[in-house]
Structure formats: structure tokens, C-alpha cells
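Should a chain be cited, it is by its letter among A, B, C, D and E, assigned in written order, with residues numbered from 1 in that chain.
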Amino acid sequence: MNTPQQPLLNIQGLTKFFGGLCAVKDFSMTLNAGDLAGLIGPNGAGKTTAFNLITGIYHPTQGEIDFNGESMVGLEPFEITRKGIGRTFQNIRLFPNLTVLDNVCVSYHPHAGYNLVDSILRNHRYGAREKELVERAQDFLAIFKLEGIQNEQAKNLPYGEQRRVEIARALACNPRLLLLDEPAAGMNPREIVDLMEMIHFIRDRFGLTILLIEHQMRFVMGICEKLTVMDFGEVIARGTPKEIQDDPRVVEAYLGKGAAHVS
Amino acid sequence: MDFLLLSMVKIVAVLAYIYGLMWVLGHTKRWVKFLGVALAYGIIQIALSTEILTAFDRGLLFQASAITMVSLGLNLIYGFNGQFSLGQWGFYGIGAYTSADIAWRWVNGDASGFLAVLFGVVLVGFVIIGVGAFLQKVRGVPVISAFTLYLLGTVLAGAIAVGLAHLLSPLFAGGLGVTGAPGPLAQGLPLQLLFFVSVILAGAFSAEVSFLFGLPVLTLGSDYFGIATLGFTIVVNTLMVNSDTILPFPEMKGGRGMVGVPQMNEFAWLWVFVFMLLVIIVMRNLIHSSTGRTIMAVREDEIAAKAMGIDIAQTKLLAFIFGSLFAGIGGAVYAHSTGTSFLSPGTFTFLVGFNPLIIIVFGGLGSMTGTIAASFGWIFFLEGMLRVLLGQLGTEAPTWRFVLYPITLLLLMLIRPQGLLGLVEWGFLKAKIHPLRRSAAADAAADSAKLS
Amino acid sequence: MFLEVENINVYYGAIHALQGISFHVNEGEIVTLIGANGAGKSTTLRTISGLLRSRTGSVKFKGHDITYMPAEQIVRLGISHVPEGRKIFAPLTVRENLLMGAFTRTDPAEIEASMQRVFTSFPRMRERINQLGGTLSGGEQQMLATGRGLMSRPGLILLDEPSMGLSPILVEEIFRIIQEINSQGTSILLVEQNALMALSIASRAYVIETGRIVLEGDAREVAENPQVKNAYLGV
Amino acid sequence: MQYFKKTPVTDHKPNSRLAWVGQGFLLILAIIVIIILAQNLIRSPSLFAQNVIDGLKLGFVYAMIALGYTMVYGIVKLINFAHGDVFMVGAFVSYYAVTRFSLHTWAKQIFPGMPDWLVILIGSLTVILLSMVVCVLLAVTIERVAYKPLRDAPRIAALITAIGVSFFLEFFGALGFVFSPRFIPYKQPFETMSWYINNGIYPITPGSMPPDGSITFSNIFLIIVIASIFVQLLLQFLVRRTKIGIAMRATAFDKPTARLMGINVDQVISFTFAIGAAFAGLGGVLYAIAYPSIHTQMGILPGLKAFVAAVLGGIGSLPGALVGALIMGQAEALTMGYISTPMRDAIAFTILIVVLLVKPTGIFGEPEKEKA
Amino acid sequence: MRTFKFLSLVLVVSLLLSACGGGASKEVKIAILAPLSGPVPTFGVMTRDGALLAIEEWNAKGGVNGMKIVPIVEDSQCTPDPAANAANKVIDQDKVHYIIGEVCSKASIPISDIANGKKVVQISPTSTNPSVTVGTDGKVKDYIFRACFIDPFQGQVGAKFAMEKLGAKTAFIMLDQANDYVKGLAEFFEKSFTEAGGTIVGKETYTSTDTDFSAILAKIAEAKPDVVYLPDYYNIVNLATKQAKEKGITAPFIGGDGWDSSDLDLAAAAGGYFTNHYSPEDTRAEVQNFVKAFGAKYKDDSGNPKVPDALAALAYDATNLMLQAIKDAGADDPTKVKDALTKITFNGVSGKITYDASHNPVKSATILEVTKDGIKFNSVVNP
């Protein structure tokens, strides 16, 4: 475990240019272990780009990302994941033709405990470890109330279940930091309440640090302990939900000027 | 019309045979499994020995088996891993020529082919592991540089292997005899054992070539990868045509075709059956494992796979290597089971190379059953049924064979673009359906979660 | 009625994205659909413009049933869809983009006149006329997309998230232009995440949540609705 | 404030170590190629020039076929394997137009007083036009029957269909009553003339060889170059200046949005096939004139090479198709001239692979966007 | 499992049925294996037509030994696998004892292995590869014969003609490395030419799918040989000679029997010479009757009588040889037929044919000259 004074995630001066376009500009953020933080901002503000930079899908033009005291810059996405950063995607990216169980099992691959030779020979080790792996995955699905649909193809699930599978899959990577990209998109209020409970639950149960992007203010304000607001690739405010709500810049950027008099 | 009926019955029978074989392989009782496999082998072996199955059927059966292995390999690369490859036929050819040359030299009193490939395969294997470990340590090496290092290592290893082979091959001279008068090692059971080894070596050789080729080329986008691999097939074919001028293999006789390739003869079905079964089992075991899941995950969504901690480059390479291994084994088995001791580059041109692709799309991408069934069905339809049918219709009709074939192809694609069997799997090939599991821990966890 | 959408159900594969949505737009008004990401706002627009098919119900425009009409014909009837994310033809110049907007029209002189009108609304476009669409900034792209949508001289414009990724000044600008377009007699169906801004210019509003309309009414009333406030600011 | 501030890493490239190894490897390859070429250039400049001219001829023919591939691929992402066979049909149509119907001299029959050169010019243009029209009809039919029903199916299904169509055209054409299985000596609508350059341009007369160090070329070479450049310019005009051309580019970029503009995407796609086929028809006639032995499988290899050229140049890009084709032509001609003829396909593909490794989407290709 | 049992039953029953269906003894079946698809369907069609003509003529005369001759045509694609399948099919399924074919050596070799193993007589009309009739062990395959020259003879004749009649001192050879017919001729031409004191000033290879020979021709223009030896089929000859004319190359081209075709481009190849089995101008009755009968049976695109080429002539001869041997043997018995073939003396279109120990025909060669107006007889060279 990292010492309290050392943040789990420390991002400094992160900048990303696409061609001439600056998608993320001098983005900084620190997360301590156990934080439940939110990243908000209008569409196109650069939030997802920031996620992609943290997870290595894009390589930053400038800046540093330290996770657990180690630099993540230049690492391949799969290496970053193996170091302990899991994520979900804005527009659900499950493996549509695989079953729910297999979707989760894929994440266990680095910890499968048996290698290629074992699987080809189907030896004892394969049998034992594969069984263990599947059982672990099944336990996991049970936590998310997905055990009944474990043999369904992911593409045949309704939206809400797909979201849950995606979160389960990300958690199966055994991350310390979980990045959730719009987990509540397309959910109805009831599902959102469930989701909020679930996020609290997984954070406590797995000892996670969570960073999420979300548009549903109800959700964000209700769940996050600290917030960072982005607009045009830049951080314009940070603080607790209460502070953010009262920040005029945020109100202006997020709701537009017309809203100023409403709230 | 009894010919038509008969050939249709043959198609159905061969599919039933495969179904039975897969069913029996998937049986939970071990003795049923072994007995069933032995029976499946035995039925055909007896039918072949007693000539109930004629040489015509035998030819179709063996060709279908060879193409099954190639197509399975391609399905692993394309159907399961999503890499559109047209290079499979090249690896098939490499396998065929490698094994043919090993065996040809062997029966002609020269062990150097065998030794060179053996040492080559082993040494290159070391090179791959060694350079791989080095690159792992250095990290962040561009693909072309990595390729260059592997290439240098391979060339070095190849040179050492050839040197060693020339040094050691006289040791075998006594046992091998000379051309026309083969010694004890070059005939009978030892020769059959050599076939076994050389088929595996040829497969391994194909796999190593595919590693070297795939390493840089797999970084290309889908269609570009397809064209690059098509280029590979064409380059391999060109080298075959010029094997006696550009390459130093006079016994391959270049474009005129290699004659005198040793044949498995009475053991042919044994080896064909064993290797086909081996390929099916290895591939099935591979797919239904953790690695297999990653292979499919890469097909489904590369970015999501990356985010789940999967090394995309390694996974693609792995599927490509295994696919090529199967192609190489298929080619090697083919070379020794044609029954005509003749191998010609004409078999390995790129146009014929579309066949495995057509087969796997027919059978259904990502379906092993589909591939196996389509391989047999396709050969028995095109080379069996259509040939027999049109042969009956007069002297002009055979010209129509390749007019009817593409029409069938078009209709099938229009009716079932997702392939005949889609994702259906038979018996043994089915993925395990895991029963619901409710452990105490899970219950407790679920309770504590209090999720509605 | 000008545009009437009745009980449409749209599926993405197994996902039931729109669950029986009905609403209408009268001639000359601005109607806004608001709701969270993924609620089905864009899906509704895509269904109206013919890119998606509803399994049930009907979409009627000026008396024509356009439920099963291909998108390219719906444009000819006078519905112009300015899609989410602008969807500028990046390899085409500004001028070519605008010409594509007028694809359904044949008279070059009139097309030229429309283009001049667009340039009056968006003077920036005139400066960039030979620049490639892909090289424009976000705000310019939105202007181009809106201008392109106007080029077919539509009776109804479907605007999907015109403020996305734009700076507040630009958002103001865009909304000013939207009002201007509307004042010239074009009806507007506006989908907007910047809810309160949208409500400030709309006459009527519908709130969509997970594929259903949960609230509808006069824009001012909707804006005052506590639920809406809660949803958009979490207060 | 510390003085030695840790400067942020600029432009993180994940792959940067040991890059010199790969660069060195490519450099050595390039140096070998340059040395071989330079040596031969010095040894016999006229032979080198001759090879370059022959390569140009080949390259411009490829360019014409490559256009069809690149346009179709650009718009529907389909490798249209049947394109080479459409090209073959073009050659056959012109052959029958000339031999059966003497279409190349129709003007003579109607206006007997017309000068010969005009008759031949009009006749040849008629023949070419007829081939183009037939090819267009054929291609549009193929598109409607075989590809359109599969537009929403997996891409591979359309590819397999394309292979099927290709087989069908080859072997249906080979039936006795359709075209013929034979290698038919092509009857040109006009006479071949050739010249040599050796301190001036002189015609080659039969029975005497041009002096040493001459560079020869023929009217066919000129026609191919002119036609190919003309087609390029025409197509550039079409896609840059005309409404349908702009619509093609819009459709290629984004089909749903194109539909929102009122563009009938199906029609645009058919139109693209038609244009590609028209140029394939023209290419077929010119190819047959240049290489006058036609048979039903004549389209396979030129088609494949043209496609490779299109990929080399960056598929979807029109200038790319031209540049790629010219590179292919030079690569083949120089390989034939200085390495070994049988290796020319192998060398051409090796060049392709090397180029793709350095620039994964071809010379003029747009880089593929990564989406997350 | 029930369906499985049912299917096996059906299989067994149908196998039994098929085994019972024997042919009537009043006919003799001859299989014609030709590449009707694959890379060279034209050769296959010509071969098939020549062979069918011969069979038709024999049937018109009452068959062989009173038995009607039934032709069975199969597509062997000029590719080993389909050729083997075709051979197996006609032998196993149709119970054929006599095979005419294939054109390409790479198809004839697998067929010959199968046919020889099954004691089926095969005459390949045009495959020149020695491996067709001689096994890998160096022993002659008893049942396999061919109707064409083997390479050395044509190569020698070509070289002799070039030196003696054309007075050539230098020659340039163009060859297709992958085609053993071409390669064989080229090899023996080179050998004879250099042995007789000539010089080979250049040797360039191409492949059968090539259409552009300019690089090779540029080298020829530079080397300035007295003759160019191009022993390939007419399709290559058409292309190469046409391009040579464009480059102003005046050296005459010399080739082999592959040139013989009604599709030879006379304008391009004019001034060339080739060795052949016969000349359609030959006044021998065999030749004239054949040309006439062929033209009467087969029409070209414009409805004119088709002129047979070397492939048709050789297939015709091969079929006649086979039938003559069956007649000589007096029975439908492959063993006797192959013995009869070794002893045969037959006056065919391509001359008087006898077989040597390696089952290669011994016959004379004709030299033909190509002119703008047609192919003219030049001289006859005897072995």
C-alpha cells in the first residue's frame, strides 16, 4: 500500500494535440487511494480523451501520469491495465459475441495461472485453474446479479445489464483504480439509484479508487466526493460537489449563460 | 441418376461421420472416447483396404482432410482472431515442400534435409525466445527493429543448422543407403516414423516463418494485412517455381514439379487421421482456454481487449503462428498422401489459395464445425458431385463445372451471408456450458450488496 | 399538424432504445427535446429523418407519412437534419459541404443565393470557403453544419446538440442564429444537452428519459420544474 | 522554486528505442536497390531509359485499372475482385466489335470519301465507347445483383461474392458460345507504328534495326500515356467539380450523413461502379492493343497488380492510384531488366510490404483514425 | 443418433447398388482428361475436340473390334489435385481402361502414376516431361505413352535448321522456366547450337502469365543475335513477336510445335520458323482428311471451318493410336493394348509413329515458315 502522503494517481500537465487541435490542455489531477471522484464537463470537453490518455490508448503530447509512484507514460494499454487501472467505455464495448461469463474471464487472463502448453495438453493444472477461474468469475457475476445470464451472448443483453457486465469485466482485471466513462448513460432513475449503490459497494468491497465521467448531475452530485470540471480541454474548477454547484464559472460553462438566472 | 444420388449420399455420409466423430470425442467416458476414435479410424481404414472406398473417394477424403487443417488454421486467424489473411496457402505450400524435401532426401540417402530443418527449427526457436527476452527487457523497440533482430538471428541460426546438418549427415549414410537402393532407415516403419517427425517439423517451420512474417505485418490494418499476406502467397509461389534456380533445391525441379515425393501408402489414412485429429484437438483446446478467450476478445473489440490487459500484438501473433502451424501440417500431410508422389507449384497458386477463405466463410467464421463440415462438403461437392454429375451429361458438360461452382457460391452467399452453420458447434467442439454456481461466498456477497 | 410523431419504438439489436415516443411540432415553433446522454434524443431525430426505422407507430410530416420513407426522400419533403457531432464532410471544402446541403436542388442561381444567405448568417464561412471541412474549428464546424442544413431550404430543421463542445460565446452565437432562422419561418426541433439554454429559446419542450417521454409542456414551465432542475444541476 | 525543473516529456513515442536497427535495415535495402540501379544506368543509359519507358507503359495501364479499384474501395470498402474481369470483357467486346462487325471502319462505309486517318479515329473511338458502355452495364448489373443485397452483411460475404463473380465471368466467358476459351490474337483497329530516339526521332522501318543506343517507343505507348493522363484529369474534374463527384466523396466519407443531404447512396455507389467499369473497359481495349493476346483470364493478373498499385498509393486516393501504378510499373520493368523476370511479382509485392510497413496506409493514404 | 444410423444404412445400400451397376460389354470406354477450366482451357478444348473427332470416326466405321467407343470427358484443370481426382474418377467410377490426356505435364504426371498403378493405358498427347513415362526409379511406366516428340528432337532440329538454313552464328533464348515443355526445348536447342559451334548470346526467362516482354526484348535489341529461339505456345509468341516488331528487332524467331495454331498472329510472327509434327499443307491423305474432317465438325466464331492446331492433331493421333492398339490387341484388355502399343507402327497426322523403349514416339519433324499470308511448308527433318 502506498503511504497516505503519496497519491495513488498523480497527473501533471497532461496535454494532447490531435493535429493542430488541442484536446486536453495542461490537465492535472491527483487521486488518493479510496477516493470516489468525478470528472464532469460538457460534451467534447476532453474528458474521454483524458481517460484514453490515462489508460494508454493515446500517448500524451506532454505531461506525466504517475500511478502508484510509477510513470504510466509510454506504456501500452494492456501494461497499464495490468498495473491496476481498469476502465469502462462511454458507449459500452463488450465482446458482443462472447458470453457474459467469457467476457469476465477474459479479464482474468493475466492471472489465469496456466499457460498455453497446459491448455493444449489439457493437463491437471489446466483443469484445476480453469475451474477456479470460472468459479471466481461466477462468484463475481453473482455479486452483480448476473449469474443467471452467464451463458448469454453479451450482445443480446438489455442496456442496463450490459453496463453491469462491463463494470464487472473491468473489476475482474483486479484494478486499484477504476475509470468509469458515463456509467449511468441511458439508465432510468431507478437503475441509476441501483448503480449508485453498486458503485459504493464495489468501492468498499474491493478497496477501489474510482474516477468517473458522468453527465447526470443527480448521479454525480449524489455519489462523488470530489469533482473536477473540464471545459475545452482545460480544468476550470475542482472541489466538492457543493463547491462546484456554487461555482459561477461552472454554472456558466455547464449550463450556459441563460441558466444563470434560473438557478 | 444413381450417380447423383450416390454422390449426395457420400456428402451426407461424410458429414454424418464427422458428426459421429465429434460426438464420440465429446463423450465424457474416456473408454467410449478411445473406442469411438479407434472405431472411426477403423471403419475408414477397412473401407479403404477392401476398396469399398475407391481411389477416387480416397483422393477426395485425403484432400478434404488436408484442406480441413489449412482451413481450420485460417479460421483461427480470421474467424477467431479477426485478421483477414490470404497467406494461408503460402504456409500450406511451405509445409508441403519442406516435408517433401526432407523425405525425398531421406529416401535418397541424404539426411541433411531432415537434420537441417530439425536444427533450424530448434535453433530458431531459441533465437525467438532469446531475442524475445532481450526485447522484453529493452522495451519500446519499434516493430521493424525487432523484426531486423529476429531476422539476423534466424539467418545466423539457419546457417549454423545447415552447417551442422552437412557435418552430421554422413553419420546416417549407412542406414539410409543410396538412391534406388534405400537402406533399412529409409523404408518400412522407420520411414513412416520419419513422416511423422517431418510433418511436425514442416509445421514448425511454417510456424516460424509465420512468426517472422507476421511480426511486422500484423501491425497493418485489416485489408492492408490481407493484401500483404496475399503477396506472401505469391512470393512463396514464385520461389517454388524457381526453387531450382533462385533457391538451391534442384530436386524440387522448380515449376516442373517435384517427382518422387515419398508416399505414406498403406499408412496414409493413419497419419491423415492422426494429424487431422491432432489439429482439431489442439485448436479446440486452444480456443476453449484462457488464451482462446483472449484471441476471440481481440476479434470482438481490440480497444476493449487492450483495456482488459490483453497484449494485442502477442495474441494476434499467437493465432497467426498456430494457424500457420496447422497449414504447414496440412501441407506436409498432403504432400505424402496424394498417392502420386508428385508436387507442383501449380497446386499453390494464389487463385487456389482463395479456397480456404471460401470454405471458412461458407462454414461460418468462428465455427470449427462449420469449417470441418464445409471442407469436406466443398471437396465432395466440387470435385465429387459436380464432376460425376457433369461427366454423365456428355462431352460438353464438364466445361460447365466452373460456371456452376461460382453460381452456387453466389447463391449461398446471398442466402446465408453468415455461413452455413453460423456459430453452431458439434459435440466435442462445443464450448463448455458452465452450470449456474451458487457458492456460499457468492450468496453472502450478493446479500451484502443488497442489489435489487 | 406539421410534424407528428406517434408511438415510435426503435431497437438497436436487442436494445429497446425508444419505447413508444409521441410528440408533435407545430409550424414555426421551436421545440426542444431534453434528456441525459443515451436517453434516446438523437435516436428520435434519426428516426424522423429516416436513418433508423421504427417498428411501430408513424411519423407524419405535412400530411405525408414518412415512417418508411428513405432518408434521401425525406430531405426533399423539407426536413433537414443537422446531426450530432456536426458530421462535416471533412475531406470536402466548405463550399462543397454547402453544395451537398443543396443536393436536392437543381437551380444553380438559387443555390448560389442560398449560399449567400448562409454567408450572411455565418460570415466566418465566407472567409473559409475553400478550406477543408476537417480543418475548421469546432465552432466553425457547427456553423457549417447548420448552414449546410439550411441549404436545402427546409421547413423543419432537426438540430442535434448544436452547442456541443463550443465555448459559451459561441453557444450564445449559435443560439442567436437558431432564433434568427426560426424567425424567418423555419420550424426547429432542437435536441440539446445544455437544457436551460435550450429551454430559454424554445416554445415547448419534451423531457426524455430512457426512451420515454416523462414530461412535456411549455418551455418556461418545464424550466421551472424541480425535477428538471434536479436532473441538470443535481440540486 | 527549484532551478532544474523536471521538464515534461515532449511527444511521447512509445517505440523509440533501438529504432536505428530497423532504420538501418531499411536503409541498407534502399542502398542495395540504388546501387543496382546506378550501376545499370552507368553501364547503358539507353537501355535504362528504355526500361523506364516500358515501365511507364505498364504503369499507365495499371493506373487506369487501379482507378476502378480505388474508387469502389473508397466508397464501399470492397475489394472488387471482379474488376479485372470487367476489364477482360472490355477487351473481348472490342475484339468482336472489330472482327465481327468491323465497327472500326463504319465511317468508311457511310462516308466513302472520308480520309483514312479520320475513319480510324472515329472507328476506334466508337469501339472504345462500345466497350465502355458494355462494361458499365455489366458492372452495374453485378453491383445490383451480387453486391447490393450484401451491403449490410459482413464485408467478407461481399468479398467472397466478388471472387465468385470473378470465377463466373472467367469460366462462363470461356464457354465456346460466349467468348471462347482460346488465346485470341487481338485485331487492332489501327496499325502500330514505332519510332526510335537517337539524336532525333526516326520511324522504325520493317527489316532494319535501329542503331545501337536507341530508345524505341510506339504509337500505342503514346496513346496509353495520353489516355491514362486524360482519364486521370477527367476523373479529377469529375470528383472535384461536379455535383455527383462531390456526392461520391461525401458518400465515401460518411454514408448516413450523405443520406441526410438527400443523396441517394445506392445510386452514387452504382455510379461509382459504373465509372470504374468504364475506365476498365477503356483500359481493356488499350491493354489488348498493347498486348494483343486476349483470353478470359487476362484480367486476373493486371487486375491484381492494379489493386496492389492502388494499395501502394493509398487506397481511396486517385492520385495515389496513379503514383502507385507508376511505381509498380517501374518496379516491374526494372526488375525484369536487371534482376530476373520471374521475380517481378515477388519484388512488386516485397516493395508493397516494405512501403506498408513504413506507411501503413500507402503513400497517399489517410492515416486510420483510432477511436476509443 | 437415429439419423446417423439411418444415414449409414443409406450409404451402405447405395454403395452396394453402385457396385452392381456394371457396363454392357459391347462398348469400350475412353476417358479424355483435359484442362477445361484452370489456367489454359483453350488447350483442353482443342485436345478434347481432336480426340472426340477420332472417336467419332472410329464409331462411324463400326467401332473397334465391333465395340462402340464411348468417350468420357473430365476436367483436369492442368493442376495436380483435380487431375488426380479426374483420373481416379474415370478409373474407379467409370471403369475406364484407356486415358487420353493430359495436356500439361504437371497434370499428366499424377495421372500417369495412378493409371500405371491401376494398369490403365494412358497416352498423353502433349506432355513432354520425361517423368510422365519414366518413373522416379528410372524404370519406364509400362502403361504410359505419349504422342508428342520428346524435347531433345525438336530442340536439335531447331538448332540445326537455324545454323544450316539460316546461317545463324548467335542465338538468344527466351524461355518459361516453369514450363517443362519450353524448358526442355530450350535446353536441347542450346546444347545442339553450342555443340555445332554457335554461341548463345543471352538467355532470359519469363512466366506464362507475362504479357510484357519489353525488358527481354530490350536486351535482345542490345545483344543483336542472328536468331531468337522462343519455343513456347502461340499466345506467348503472339505477344513477344508483336513487341519485337515494335522494337524493330529483325532477327527471326524460331520455335516449336506450340506455335502451331489458327490463333497464331501471322502479321506479328511473320518471318519466324517453327518445328512441327505436320503441315496442314502436307498432301498426305491423313493430314488432308484430318484437316477437312476437323473443319467440318468444328466451326470458329464466325462459322468458318476451324483449323486444327498441334494440340488437336496430337490428341487426334493419340486417340487413333490407342484405338489402333486396341484393334491390334483384339480385345478390351489394357495389358494387351500396352503391348500392342510398344509394337505399333502407325501413320498419323503427325507422321509415321513407332515407340522407343521409353514410350516416346519416333517420328519425323516438319519445319514451317510463318509468312503474312499463312504458314508455309519449309522442309522435313527425319530422326
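Criterion: a residue touches a chain if its C-beta (ideal position, glycine included) is under 8 Å from a C-beta of that chain, and two chains touch if they have at least 3 such contacts.
Fair warning: this is a prediction, and the values are worked out from it, not measured in the lab.
Undergrad: Along the shortest chain of touching chains, how many steps lie between subunit C and subunit D?
TA: 1
Undergrad: Quick one: how many steps at least from subunit D to subunit E, stepping chain to touching chain?
TA: Steps on the shortest route: 1.
Undergrad: Most remote chain relative to subunit C, going by C-alpha centroids?
TA: E
Undergrad: Using the average of all C-alpha atoms in each chain as its centre, how far is it in Å between subunit B and subunit C?
TA: Each chain's C-alpha centroid was found; their separation is 54 Å.
Undergrad: Could you work out how far the Cα centre of subunit C sits from that of subunit E, in whole Å?
TA: Chain centres of subunit C and subunit E, defined by C-alpha means, are spaced 74 Å apart.
Undergrad: Could you work out how far the Cα centre of subunit B sits from that of subunit D, in whole Å?
TA: Those two chain centres are 34 Å apart.
Undergrad: From the mean C-alpha coordinate of subunit A to that of subunit C, what's the distance rounded to whole Å?
TA: About 32 Å, centre to centre.
Undergrad: Would you pick out the residues of subunit C that each touch at least 2 other chains?
TA: none
Undergrad: Going by the touch rule set out above, which residues of subunit D reach two or more other chains?
TA: 14, 171, 174, 176, 181, 300, 340, 342, 345, 370, 372
Undergrad: Quick one: which residues in subunit A touch 2 or more of the other chains?
TA: Only 57, 74, 76, 89 qualify.
Undergrad: If you look only at subunit B, which of its residues touch subunit D in the complex?
TA: 84, 138-149, 151, 216-217, 219-221, 223-224, 226-228, 230-232, 234-235, 238-239, 241-242, 246, 303, 350-351, 354, 357-358, 361, 365, 399-400, 402-403, 405-407, 409-410, 413-414, 417-418
Undergrad: Under the touch definition given earlier, write down the residues of subunit B that touch subunit E in their complex.
TA: Going by the criterion above, the answer is residues 2-3, 5-6, 9-10, 12-13, 16, 19-20, 52, 54-60, 63, 180, 241-242, 245, 254-257, 259-260, 338-347, 352, 383, 387-388, 390-391, 394-399, 401-402.
Undergrad: Write out the stretch or stretches of subunit D touching subunit E in their complex.
TA: Residue list for subunit D touching subunit E: 44, 47, 50-51, 54, 57-58, 96, 99-100, 171, 174, 176, 180-185, 192, 194, 196, 204, 206-210, 212, 214, 216, 218, 220, 291-293, 295-298, 300-302, 332-333, 336-337, 340-342, 345.
Undergrad: Using the touch definition up top, name the residues of subunit C that touch subunit D in the complex.
TA: Interface residues on the subunit C side: 49-51, 70-73, 75-76, 80-81, 83, 87, 89-92, 96, 99-101, 103-104, 148, 152.
Undergrad: Quick one: which bits of subunit D touch subunit C in the complex? Just the residue numbers, please.
TA: So the residues of subunit D touching subunit C come out as 243, 246-247, 249-250, 253-254, 256-265.
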